[in-house]
Amino acid sequence: MAELVTLADGIAELVRDGDTVALEGFTHLIPSRAALEIIRQRRRELTLVRMTPDIVYDQLIGAGCARRLVFAWGGNPGVGSLHRLRDAVENGWPAPLEIEEHSHAGMANRYVAGASGLPFAVLRGYQGTDLARHNDTIRTVTCPFTGEELAAVSAVRPDVTVIHAQRADRQGNVQLWGLVGVQKEAVLAAKRSLVTVEEVVDTLEPRPDAVVLPSWVVTAVAEVPGGAKPSYAQGYYERDNEAYRAWDQVSRSRERFQAWLSEHVHAGAA
Amino acid sequence: MSWTTDEMMSVEAARSLVGHVSCFVGIGLPSTAANLARRVHNPDLVLIYESGAVGAKPTRLPLSIGDGELAETADAVVSVPEIFNYWLQPGRIDVGFLSAAQLDRYANLNTTFIGGDYAHPRVRLPGSGGAPEIAASCREVFIMVRQSPRTFVERLDFVTSVGFGAGHDAREKLGLRGRGPVRVVTDVGVLEPDPVTRELTLTRVHPGVDVADVRAATGWELKVAPSLEVTEPPTEEELTVLRGLVERSKP
Amino acid sequence: MAELVTLADGIAELVRDGDTVALEGFTHLIPSRAALEIIRQRRRELTLVRMTPDIVYDQLIGAGCARRLVFAWGGNPGVGSLHRLRDAVENGWPAPLEIEEHSHAGMANRYVAGASGLPFAVLRGYQGTDLARHNDTIRTVTCPFTGEELAAVSAVRPDVTVIHAQRADRQGNVQLWGLVGVQKEAVLAAKRSLVTVEEVVDTLEPRPDAVVLPSWVVTAVAEVPGGAKPSYAQGYYERDNEAYRAWDQVSRSRERFQAWLSEHVHAGAA
Amino acid sequence: MSWTTDEMMSVEAARSLVGHVSCFVGIGLPSTAANLARRVHNPDLVLIYESGAVGAKPTRLPLSIGDGELAETADAVVSVPEIFNYWLQPGRIDVGFLSAAQLDRYANLNTTFIGGDYAHPRVRLPGSGGAPEIAASCREVFIMVRQSPRTFVERLDFVTSVGFGAGHDAREKLGLRGRGPVRVVTDVGVLEPDPVTRELTLTRVHPGVDVADVRAATGWELKVAPSLEVTEPPTEEELTVLRGLVERSKP
């Protein structure tokens, strides 16, 4: 059964140096505050997994937490580049970053395989592209009925998955709704999981388009109101598009980024 | 009314969506065109976003493919694995709408990197996202991209999404089941694949554009259709709706 | 876009002699009235696909509509045998019945493969059982990453899938909720589909645990109130457990079954 | 209070669920035991039904695994593919509860046919349903079945679900990841697999039952544990709750 913890304790307990860590939330419910806490606790050598790295991974990469990035689309949605990600890949700053790159369909199916206890997943994908040339987690498999050759991707099994949800009850059952992305699969594929939530409530009222993760498949829940900002939490607050645009400026130079780090993440740290 | 080249491109792309049931929409230029089409050219067009919104009806242009309004107005909201496995992969979506940083004469697309090599790129781009499977699986693919020699290149630095591969029947030989990119709409004209070689051929120029301009904006020796047509200028309705949409979507 | 039709027209148009037909609904929302209409229209040589044949397929088989049965569990839930199914398999009455038999996990994944446009699905299943010995749609596949051998099942692609749902709107968008079983997959796997609904409404209000099938993936919708009885439609009526018990008696003898057929299905037929 | 042999079987099976988090429940005897356990022995036990109800809390015994009350009281309701792929297959469920028409000394199960051959069976049974993968994937399997020579047979007519195959490490060699059937609870006693050979061994008889009775009810030469124990009789609470549950569930 999931334990109710503080964010700091949850990250301290569940995210360890060298871990493979997935922070998921497909444009909605991105666990932004949890990412900052990982930076604040100065985790190192992480393999970061995420379909759309977004500004949360730009921050983690710029802060030097990552050794490797597993992803499908690394941009600032609707704005442009992730400058810290680019600086790491193009210039090795602050450290070289290995990349393991997939399509969305491939990444989604890698989580599905992980959640299903299978070593791989099959899809129609990658044919004719250059992606498989640089990635050993993309291979082929032959249909035993038709002889057709299809793409195979290896399962993703994170050491820990972190997601943000709207609610949990006091028993640690988690409820999220709206665009629910790949979060169920990412939690079920992981060895451990931490869910930050907008609020802990007595009872989870059933909602349309809701996913419920029962307490017994979640390791820990932390109440973190606003934990997805500047992403959004449907029913709580909207996406702060201006903050995404502003990040473009902050992240363009190493100096401004480092100033932001000191001021917004490490200031007041113990 | 006068118009910009980007407006002409959006209007012409929107017109391409007449007669289609469903469209898998990316963000940026394709989103503008698809949302314009739903307002002017094809009110029943089903917009599908890879974030899981099937039949979204946004009132403004979403900045991200996951804006809240997409889920709130959708006919159905599904998970990301489901969008790719049950909706895109089987080929049940009519049109996939893509853009790219580089495109070659066979409409193969690069959104991965430019310059250097994969391990040490000069410019690292966002990567593939949903594009490889959109390009593979939609019944047809429309591409929207501003035409320039830096974009329309002889050789891609990286093949992120396949159009017609090396041309002729290369696409079929790869086992891709959708028809591939049937139209490339740019800010200067429209290109369509030759029925045999599948090489992109200029079939239409936008009003006021010379073929020489288009050739100059193309990084390979561009083929031009003998019966080159000129795009109908944007109507007042098209421009009014488009501008309203863009205006409403400003931060 | 789905067309609104009468049940008789929908069956006449969409279910043809020799078709592979899936009627799905996992213990809930079973399309019982549609099954009776198929019998009434005297379809023949059908391949009937269904995870749990239930009394609807007992009726179709007894009435001589089926050539082949594809299934995973053929009983009268909570009551006992399906006597018409047994009579066909054990004694070839009213005609021999070929069977293609899977586990639930195998059948569910066959629909998933069909809905996904893949020729097969991979699962951990069947190892050590006798099922694969009698069924060529169960084979193995080797993981291209780990070398592990896993079960492979071929996709199911029905010519037509028939399901029952609570509601549709006038545009033919379909909404079902509660235990939603494998119906989405069965419809998306099929070439054609017919959905019977409790009612056609102006607007589909969002509901918890609801699945929506957009009009453009459904071929036809027929309003058939009570169309799932004696199964149930959550929010409309409960399961008629007594009718399931009573079927045991009706179906035990060929004579009583035939009397039931004449009286309840063919009486008043044109 | 006196009790029937079926009641003793249900009570003893329910007691087996102490200390477990989650249980995949079939209909019939296992459902009675699991629901009794949730009332008396393990109130937090998570009941999972293959119809898609995760954490169901039925007030009466469902006649079918899809009774409406299961969905209405569940923590989460999921599709049938999801139940098997995301919940059962990865081995996240503690206990799978099965019954069968035939069982052999290695706790392999037959629910497919009896007599004749596969194509021409004397008695055609319902078939596998969820059983093969429940037997394969749950961390442990409990079996409930009334003991008789017709049920406890030397050789199955068909292997629907695997226990320990041909014994010893046959199960592991098949790649099955759950521990397999660790307990068989019958109306006369309890059998457990020998740690080495995996042959089912009588470890416990119910009150009033002689070992000779159990041998007579077994179609093979039954092994008996040297330290044979006698089951604790049902308590008054167990019987009261069980009878109330059965009473409430009558048509």
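Per-chain numbering from 1; labels A, B, C and D assigned in written order.
Simple rule for what comes next: a contact is a pair of C-beta atoms (placed from the backbone, for glycine too) under 8 Å apart; a residue touches a chain by one contact, two chains touch by 3 or more.
Everything numeric in this text was worked out from a predicted model, so none of it was measured.
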Fewest hops from subunit B to subunit D - one hop per pair of touching chains: 2
A-D or A-B - the one linked by more C-beta pairs in contact: A-B
Between subunit B and subunit A, distance of the C-alpha-averaged centres to the nearest whole Å: 28
Subunit B and subunit C, separation of their C-alpha mean positions in angstrom: 40
Junction residues of subunit A, two or more chains touched: 112, 117-118, 123-124, 148, 184-185, 209, 211
Sites on subunit B at which at least two other chains make contact: 85, 89, 137
Inter-chain touch pairs (all): A-B, A-C, A-D, B-C, C-D
Residues of subunit B touching subunit C in the complex: 21-22, 44, 46, 54-55, 75-76, 85-86, 89-92, 137
Residue numbers on subunit A that touch subunit C, as the complex places them: 117-124, 137, 139-146, 148, 150, 152, 154, 206-210
Complex contact set, residues of subunit A against subunit D: 1, 112, 115-118, 173, 184-185, 188, 211-214, 216-217
Residues of subunit B touching subunit A in the complex: 27-28, 50-53, 62-68, 70-72, 77, 79-81, 84-85, 88-89, 108, 112, 116, 118, 120-133, 136-137, 158-162, 165, 170-171, 174-177, 251
Of all residues in subunit C, those that touch subunit D in their complex: 26-28, 51-52, 71-75, 77-79, 81-82, 85-86, 89-90, 101-105, 108-109, 111-112, 123-131, 133-134, 148-149, 178-182, 184-185, 209, 211, 232, 234, 238-239, 241-242, 244-245
